[in-house]
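Below are two complexes that have subunit A in common, paired first with subunit B and then with subunit C.
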Partner chain A sequence: MVEKRPALSFLSHLVLILGVLIVAFPVYVTFIASTQTSEQIVQNAPMSLTPGNNITESYKTALFGGTTQYGSKVSAVGRMLWVSFVTAMVIAIGKIIISLLSAFAVVYFRFPLKNLIFWMIFVTLMLPVEVRIGPTYEVVSSLGMLNSFAGLSVPLIASATATFLFRQFFLTVPDELVEAARIDGAGPMRFFKDVLLPLSTTSIAALFVIQFIYGWNQYLWPLLVTTHENMYPIVMGIKQMISGGDAATEWNVVMATAILAMLPPAAVVLLMQKWFVKGLVDTEK
Partner chain B sequence: MAILELKNLKKTYGKGTQSVAVIHGVDMRVGDGEFVVIVGPSGCGKSTLLRMVAGLEEISSGQVLIDGTVVNEKEPAERDIAMVFQNYALYPHMKVYDNMAYGLRIRGMSKEEIDKRVNIAADILELKPLLERKPKQLSGGQRQRVAMGRAIVREPKVFLFDEPLSNLDAKLRVQMRLEIKQLHNRLKTTSLYVTHDQVEAMTLAQRMIVMNGGIAEQIGTPKEVYETPASTFVASFIGSPPMNILKGSLTANGSFYTLSGAADYALAKALPAHAGKPYQLGIRPEHLRPVDKENGSGIPFTVSLVESLGSDYLVHGSCPGLEKPQEIVLRTTKDTFAAGQHLQLTADPEQLHWFEEKSGKRVIC
Partner chain C sequence: MEKRVIFKSTCLPWLLIAPQMAIILVFFFWPAGQALYQSVLSQDAFGTSTEFVGLENFKRLYNDASYLASFKTTAIFSLLVAVCGLSVALTLAVFADRIADVNKWAAGFYKTLLIWPYAVAPAVAGIVWLFMFAPSIGIVSYALRAVGFEWNHLLNGNHAMALIVLAAVWKQVSYNFLFFLAGLQSIPKSLIEAAAIDGAGPWRRFWSIVFPLLSPTTFFLLVINVVYAFFDTFAIVDASTHGGPGKETAILVYKVYYDGFKALDLGGSAAQSVVLMLIVIALTVVQFRYVEKKVQY
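Presenting the complex of A and B:
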């Protein structure tokens, strides 16, 4: 559609701008709320949409914890960010390593029951974490992995989606490349390291972004396996801050925490954007 | 430098009753420094044969010997061969230099030695200015040269080429064909070359194997194969346009050839020993020429179409009055033919090829 009609381009821009507003407005409100004091948020209904002057105070309290002017204790978000970051990194990198190796095995090796094994991996695609959450919890707690980084990340590492994606990618790599490598004397692992890995970089980058965000956004699983505050990931931390009942919720601190929670995934997307798009679109071989 | 021998080489896919034989036993000896071309239509098993030599395909039975050593059980890398693939199979993420050096690095060769060998190969193939580029930034012909460079640096005993020119355009193909020939003249490495293009086969080969349905129909020099084809298959596969094959039989006294149901063709040299035999008669288009009507009976011919190739003319037509229409092509330098014209054709006795009716095998007359 390469048409030059003012009315059409106005309409399309209108739709786009509306879309951006709908997505961006809640983020804006969150940011504004984090710059005001909690009285300003509660007393002015609806709250004002211009930045307040409490920004340093809110973020200091959120990051390092402490007591607010109402006397409610807020735990430090710094630690939560660290827990979330480590968990998401371990999940993303672990998933990529395991999926790469299993896809490599499924595509390039002949072994008994190969198809059955591939289908078993594939079938787990249909089972989300929530379905197997009971037995998984049992296993993790029996192994004494509650309240640990291992407990937070290991059960989420296996990934049928990523295995499937890499399998599809490996299938598009021409057979002659394998044969050329065999004639050059490269063994299977050498071929994997020297040829397949460099060719997969863009897919790896795309998957890393997706899986990092997946790991970062985990809520239900951490809720089950962590009981100590120092092992809470940030997504859970936000929920903990919103106290129910009579206690006052420090909305400015909650919103500051939310903004802090959004930054790392946004940074990952921004930094890897070029690779990410390439990985999803590119078919260069 | 090596001698490559194939001994009763067979390939079957599948097991038991379901098995399909693709190669039915090929015997061949490629001498030291010889350039042998395997040619045949697609699906005749020529690539499979090459891949068995390379070690990329398992050998069902028979032996492959390089310099007298059976290599059946050896990995491709241990056979001391190098292969050039149809789609080049260059490592897309490596520079030209690294593509050529990769195999040497795996063998643990020293940096200086690798550098020396790559530079020599790059000089031969005029790849010097391209060493720092990636395959993506090269043209088809350049990629092909890199693929050959990768083979040369290994200094193998045997070069294997799997239809290396079929991805190139017609002009480049002719040029690369010459380059391969010059390269072989210079390096004198034993080479086995697979192609479906008979022109490539004729021009490159010192000896050629014509394959059909998993069988080596004929092994010989291009001249032998062209002048004395072993079967009607070889006769019609090699040569463009293909040899005319006529169906009929020799008369009782062996001095005439009766085209099925129509005219008799008076043979200049009678063949009494084969009298009455239902042979097929093959004549190359360039050997056919018109006879004067009074001078005796030739093969009746009605011109339907004349094609000009610039230097030559291809005269298409058929033999009238037959039960089944018999297409005949005549290649001539004379521009004296026109559609609808009736002629009598003949050829010198030594230019006639006789084949058995059923098997299509050559009969020596």
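Presenting the complex of A and C:
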């Protein structure tokens, strides 16, 4: 604190409180809508901003599906949550494992074509899946991986961010540790398991948070590779509820689904906030 | 940079690197090669006949008014997202940094409440904002009408653009905020104190000292936000406006998807993919060159 300016301190708090409120407002509206009936939302426009009494009904319909009182069918979100969870976990854990291994190889070994391989991995940093959707779709479909967990997750593991994070980290590990391990007669895999892995736990946690959110929030890719409703992740399923065609949109169920779709990644961010912040700042630097 | 001490083994490194290489070869290099290859072919919608057409697909793109319009839409969209997102986040971060000097607890509290939108999926963000701005039932569109502003993003392209910009900025503010806050907290306090002793007020200190020292962070975030607006906002557009009304909010990635999977123009879609790849590569090169300069400085 350089000087005392009560007015400015007051302004600071005011701006931040306003910021927090504006950021939270959309989610507040979403939550309130999920506690009302779709009639209340559509007919008394604008909807009231106080909680309604339909909360159990909305969430039950969202989670287990079924027919609403207006006759429109709603598909079960419970299954979609499971699909999203499995996909996000496979992407996060798969990425961490393959990049730990390849970063270990790149940093601790010298082998022919190492530079070429390093550059091949580096190039994948540049092209997100969005710019090559068509051809990647064809590859996945010719491998028979449409409508499967493998098709949803494996192509998204093909990126190098995690490899680079671990490479950066391994380069900061002191050489003395390798020497000590070698004197004690430990081979490379023993060193990897007993020295390198324990040292990397923070980086692994940080990366897990980022990749879990990345996997959970995928939209375009599932839109292409899934056609069966029982393989829809929730982020994509929620969209299908709106473009229902002739049936009226059940906004209370849609909003309940939106809350369900937000909860797991938001919980991961808030519970693992420390690693999340570290992970973000580290992966990008 | 190389390690001084390494392990010796001929086949182990290959084994270790095999899973990653297998995945990037199959799901990255093969498709990327396919995109390049298809971009010079022309195929009918049923995939029965294919012929080599050279750069015809690119020429067609260049002469396609709707593609150029989509370029313009994307440029406007990403500029708006970057400028709005950065200025809102910077304002919040500056005030949060000021509070952090006095009250660590309060600053941490605000930070926690500001960062969670990062976790919200773009598609969900699009739907939530669509719900608030829906012309007939939306609560915000109702409020706007009450003050005499007729909101209808289904008819008015500018309104639709404003809607996707709002949703995209809302989702990205937390990310920008974290980086600005980290940047602000790494500025040495002594510089600020020296300026204060010389009689510079908070406004002057911000523009003459803090903002210039923050420029690497700002530049980095500018690139990241442009990339975000280009590639990660497909879900927002698809969930809230479907690229409409007309094609007013059809950004480039949306057009690749639409032309390739709805209109089944594979060659045209592949050519668009190649153009997008070039854009990302250019952006990445710009970013790395700048980062290197910063290191030398």
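Here is the rule we go by: the second predicted complex is superposed on the first by the 264 of 285 C-alpha atoms of A that agree within 3 Å, B and C clash if a C-alpha of one lies under 4 Å from a C-alpha of the other, contacts with A are read in each partner's own complex, and residues count from 1 in each chain.
Just so it is clear, a residue touches a chain if its C-beta (ideal position, glycine included) is under 8 Å from a C-beta of that chain, and two chains touch if they have at least 3 such contacts.
Just so it is clear, the structure is predicted and the values come from calculations on it, not from any experiment.
With subunit A as the common reference, subunit B sits beside subunit C without any clash.
In the superposed model, A:L11 makes contact with subunit C only, not with subunit B. Looking at the shared chain after the overlay, A:D194 reaches subunit B, while subunit C stays out of its contact range.
Applying the stated contact rule after C-alpha superposition, one finds that A:I117 touches subunit C and leaves subunit B untouched.
In the superposed model, the vertex angle subunit B-subunit A-subunit C (Cα centres) comes to 90 degrees (nearest 10). Counting the residues of subunit A touched by each of subunit B and subunit C gives the higher count for C. With both structures placed on the common chain, the touch criterion links A:G185 to subunit B but leaves subunit C unconnected.
Once the two complexes are laid over each other on the shared chain, residue contacts for A:A76 go to neither subunit B nor subunit C. With chain A used as the common frame, subunit B approaches subunit C to a shortest CA-CA distance of 7 Å. Applying the stated touch rule to the two superposed structures, the overlap between the subunit B and subunit C interfaces on subunit A comprises residues 179, 182, 284. Partner subunit C is touched in their complex by these residues of subunit A: 1-3, 5, 8-9, 11-13, 15-16, 19-20, 23-24, 26-27, 29-30, 33, 41-42, 45-47, 49, 97-99, 101-102, 104-111, 114, 117, 120-121, 124-128, 130-140, 143, 154-155, 157-160, 163, 171, 175, 178-179, 182, 187-189, 191, 213, 216-217, 219-220, 223-224, 235-236, 238-239, 242, 251, 254-255, 258, 261-262, 265-266, 268-270, 273, 276-277, 280-281, 284. Partner subunit A is touched in their complex by these residues of subunit B: 54-56, 75-78, 81-83, 85-94, 102-103, 106-107, 136, 150. By the touch criterion given at the top, residues 174, 176-177, 179-186, 190, 194-195, 198-199, 284-285 of subunit A touch subunit B in their complex.
Contacts from subunit C toward subunit A in the complex involve residues 1, 3-10, 12-14, 16-17, 19-21, 23-24, 26-35, 38, 88, 91-92, 95-96, 98-99, 101-102, 106, 110, 112-125, 127-132, 136-139, 142-143, 170, 173-175, 178-179, 182, 189, 192-193, 196, 202, 220, 224, 231-232, 234-235, 238-239, 253, 256-257, 260-261, 266, 269-270, 273, 276-277, 280-281, 284.
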